[in-house]
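Two complexes, one shared chain (subunit A), two partners (subunit B, subunit C).
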Partner chain A sequence: MFKNFLKKPIGFKLSALWLFAVLFITVTYDLFPFAQWDAISDFSQGDGPFKVPGHILGTSYDGMDMFTATMHGARMSTFVAVVSVIIGGGIGSGLGIAAAYYRGTFDKVMSSIFNMILAIPNLVMSLALISVLANGNSNEPASDFRRVLVLTISLTIVIIPILGRIARSSTLQWSSREFVLASKSIGTKNLEIIRRHIIPNVAPAILAIGFFAVGVVMIAEGSLSILGIGVPGGASWGSLLAIGRANLEYSPHEVYIPVACIGFTVISTNYFGDYIRANLDKRESKI
Partner chain B sequence: MNLGGALETFKYIFQRVFIALVVVSGATFLLSLLIQLLPGDPAVMAVPNAMPDRVALMRKDMGLDRGVLGFFWKWYTDMWQGNFGNQYSNNDTISVTVLLKRALPTTLLIILYVQIVALVVSVPLGLISAYREGSRFDRYLQTTLFSLSSIPSFALALILVLICAVRFDWFPVLGYVSPTENFGEHLKGMVLPVLSLAVGITASYTRLLRTDVIATLKDDYIMMANSKGISKSRVLWRHVLRASSTTLLTSAALNMGGLVGGTIITEILFNLPGLGYQIAFAIASRQVISLMSFIAVTAAFYVFFNTMVDVIANIVDPRTRERRV
Partner chain C sequence: MSKVLEVTDLSITFDTPRGNLRAVNDATITLDQGESIGVVGESGSGKTVLSRAIMGLLPGTATRTGSIKYMGKEISNLPEKELRELWGTGMAMIFQDPMTTLNPVRRIGAQLTESLTVRLKLSKKEAHEQAIELLRRVRIADPEGMMRKFPYQLSGGMRQRIMIAIAVSCKPELLFADEPTTALDVTVQAQVLELLSELRKEFNMAMILVTHDLGVVAGHTDKIAVMYAGDVVEMAPTRELFKNMKMPYTEALLKSIPRLETPTGTRLPVIEGRLPDPTKNEPGCPFANRCPYVADKCRAEKPPLKDTGTGHLYRCWFPIGGEK
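This part shows the complex of A and B:
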């Protein structure tokens, strides 16, 4: 497997390494002896990277260690993106596959609901959902946990129709193939056909779009943070950059570190999506 | 076009418009359900310290006193008559229609500039890189474009501000000058926002055009044109470009809708008083009704552009008609 990896193009290696690093820090953040991520330093405020000992990536204008904050932000950003894509993708592809396989009224209803949700640009959609759901009953702002939860749910709802439509169109192609017909005619149960024949064939296309979707969610998370309704308090990359934007003039690294992190992650996930899709076409053409 | 074909086209247009109307109505209905899901009272949220009689008045004005369906129906029919509801503040009520009239031109101008810049840059780039397919130039360009198309526009916007406005004082960042006031200043203020949006789009246009041009260059009539001795640039610009621009134009038109949503963040980052700015204000001041109206307008634009693309493609390119069957 490692030999295969070395043969891949350089973009593949870089993307894989970056995503692996991000996932690694997300999972193992607690195992490292990091200081409290939002602790304020008394000695260093707004120093650039590699300038002060003890703060590799410098400190924010308020004195937060950028390295720890970035590592901690990776966790929240990845969590929101991965969870909403997995849940939304699961629900979406389930609905899409079922709609395309069973056809009929269910298909019509599902695809028109998908189209209606897709009629609203995804950022605007998540905006609407969050601004409605995240507001507490009274004037006091909603708790942090509630805001993260609402953010994840809203982005999940945004993802459902995107993957639903892909799953539907991909299933439509496969469900009319001969082997599915053959399987039907020997009396295999529908669920069994979907499990054995449809899902394995549809999965690569869904996976490819799933990678793109992770990028979409990361961008949406950053945008919503800039609008002030994302993850609060600098706990994610988008949130860090929303805070840093105010201090752009004095400590620019506060902005470009999270921007670079979001950028690299989106480029990597897009690369993987593209890579899977390209290989998909090759496989199709062999048939 | 014969009569039967014309009838077919009309039927198709009618169908598409009908579907678009259903989609927009459905989307607005979903939005109005969201408002009803709201834990608090939209009227109280908009003006937290309003007197009870003002709240009652506002509720009546918003149609909140009519139940779930009645509320949707009032909002929906009002919108068709050009009344998008009101934005409330402590001592004032502003009609959203007025705000829209002020905001929409700015947003549409930004979208227009972005499209112009993107098309002007991507067409020559796409042609050259397809013509030299596989060369070093082509490979480097492809890698660069792929990375550029993946960078979120807000990231680009922040980096541009950092370099062009904070480090070197090249362009103003804050403040919007309307084109009627001072066109030169207006353009100068638009450079950074338009650039931040256009880079990603240019990259994707170039990649689309390149793929199409490579396919066209393999066609027989291009070889024919070459062997007749027509100059290379003329073949590229006249014969190849025209034959392979359908995908690009479709994607450009589809992007019109996407950009309506995409400009929101850019407008906020650069303080441009467009639709996105209004949306952000509505969120910050918790004006739920006007927020929903803005979102409905955005969705309507999006669907409108998408439908137009389908209809025009259907009229211009007969091949799409067959594909539909």
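This part shows the complex of A and C:
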């Protein structure tokens, strides 16, 4: 396993290491003796990285430790992206596979729904959903939890048709193969055929696009934060970026750091998606 | 002897953008237990459609009329759910191209035990043992090792043996073999056919062997149905057919098999012309335009299926060797 890893191209190694690091910090954040992530320092405000002892990545204009905030931000960004892709991908693939396998009216209805959702620009739709479902009023703003929940749901809705269409087209291609007919001819039930013959063949394509989708969602979350309706209060990378934007002149690293984190993550997920797809093409040319 | 299959006046039409395509016209076939029939015809004559229609595996664009009785029970109008009960345990099919009928991402063992666990409800361990036994039956060396292999590691002949093992795994009464040797090497063809005949006798299965090669059916079937443009044009016990051929089309098919005795450089006889357009319903015998013995009557009127009284049926106005 490890020897195999060493043989992979450098891009693969870097992407894998970065994604592993992000996932690791997401899962283990609570185990580290970090200080309260949004605590304000009395001694250092807006200092750049490596300038003040105790603040490796410097501090924000308000005096927040950037290292701790970034680690903490990783958690929320990853959580929103991964959860919405897993749930959206699950629902989307299920619907897409069923539509392509059973065809008929169900397929037509599902395809139209997918196309309808895809026709709405995803930022506009998230904006609309969040402003309707998590608006609160000026006296009593909606709770942070509710906003994150609605944000995740709206991104899930964006993901469903993307992966749904991939699953549908891939299933169309596989379900007309002879081995499906052969399996049918020995009396295997449709659900069993889907489980045994369709899903194993469709899964790699969905996985490849799933990685891309994580990147897409992460950028969408950042964009929504900048528009002021994403995760509130600097709790995610996008949110840190939104706060830092105001202080760009005085403490530019407040913007660079979250941007770099989002950038690296998106590049890594894209690389992974590409890598899986390239291997998939190779495999398909063999069979 | 009980009848396994009785097909009466089966017609199949496909709804296509160019109009209704008649793939099979009024086919009538009966099959006793353990009996085998060869369905022969050139590409596009409707032989594959016929076998898939009997089994109920046609796509939704096809319409079927006529009656199909399996073990005396009408099955042509059963919903798929009830047909599925028959598939595998009652009727099973071997497909033409073993390169595409195995799932490329699953091990042979998983695919072979599928029918055993799903249909016969065997436990995993029992299914495994049964699968090994089946592999031994189809003469695979090292069955244990085979269970762990992926399809791409096998040759075409091996894969077809696996497909045969899967098809007979639930001991069906009726086995459809849809051009089982067409995609295989000549050297392997004979072995696979021999294996099929052997298994058929062992399990007392009835078999429908679909092929375009008269040579294939000659040694392995009890009777032969020759199809042309969706019609069954001649049907007779194998021996009788070869001895006493009535249809010019059957004769032409037999002539177009290459022979070793002919001197080098001899042109291979072919049947000139093409099948008539199946979307048009033209009068006359569909073979008229390609028939060497064609007469005016052939172009005007379609001949009915005549019975010589000895189980030999043919569809021709001027059969070879006269009316009787």
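Observations on the model:
We adopt the following convention: the second predicted complex is superposed on the first by the 284 of 287 C-alpha atoms of A that agree within 3 Å, B and C clash if a C-alpha of one lies under 4 Å from a C-alpha of the other, contacts with A are read in each partner's own complex, and residues count from 1 in each chain.
By our rule, a contact is a pair of C-beta atoms (placed from the backbone, for glycine too) under 8 Å apart; a residue touches a chain by one contact, two chains touch by 3 or more.
Since the model is a prediction, treat every value here as computed from it, not as a measurement.
Once the complexes are laid over each other on subunit A, subunit B and subunit C both fit without any clash. Look at A:Ser185: by the touch rule set out above, it reaches subunit C but stays clear of subunit B.
Comparing subunit B with subunit C, the partner in contact with more residues of subunit A is B.
Our angle of interest has its tip at the CA centre of subunit A and reaches the CA centres of subunit B and subunit C; in the overlay it is 90°, to the nearest 10.
Legend: residue contacts after superposition of the two complexes on their common chain; A:Ala119 is shown touching subunit B, with no touch to subunit C. By the document's definition of touching, neither partner reaches A:Gly58: not subunit B, not subunit C. With both structures placed on the common chain, the touch criterion links A:Val255 to subunit B but leaves subunit C unconnected.
When the two complexes are overlaid on their common chain A, residue A:Val266 makes contact with subunit B while staying clear of subunit C.
In the superposed model, A:Leu129 lies in contact with subunit B only, and not with subunit C. Once both complexes are placed on a shared chain A, the shortest Cα to Cα gap between subunit B and subunit C comes to 11 Å.
Overlap of the subunit B and subunit C interfaces on subunit A: none, as no residue is touched by both.
Here subunit C touches subunit A in the complex through residues 55, 57, 84-89, 92-93, 95, 97, 100-106, 110, 114-115, 118-119, 151-152, 163, 166-167, 169-170, going by the rule given at the top. For subunit A in complex with subunit B, the touching residues are 11, 112-113, 115-117, 119-124, 127-129, 131-133, 135-139, 215, 218-219, 222-223, 226-229, 241, 245, 248-249, 252, 255-256, 259, 262-263, 266-267, 270-271, 274. Within the complex formed with subunit A, the residues of subunit B that make contact are 22-24, 26-27, 30-31, 34-35, 37-40, 45, 48, 143, 146-147, 149-152, 154-155, 158-159, 161-162, 166, 257-258, 260-262, 264-265, 268-269, 279-280, 283-284, 286, 288, 291-292, 295, 298-299, 302-303. Considering their complex, residues 177-179, 181-189, 192, 196-197, 200-201, 286-287 of subunit A touch subunit C.
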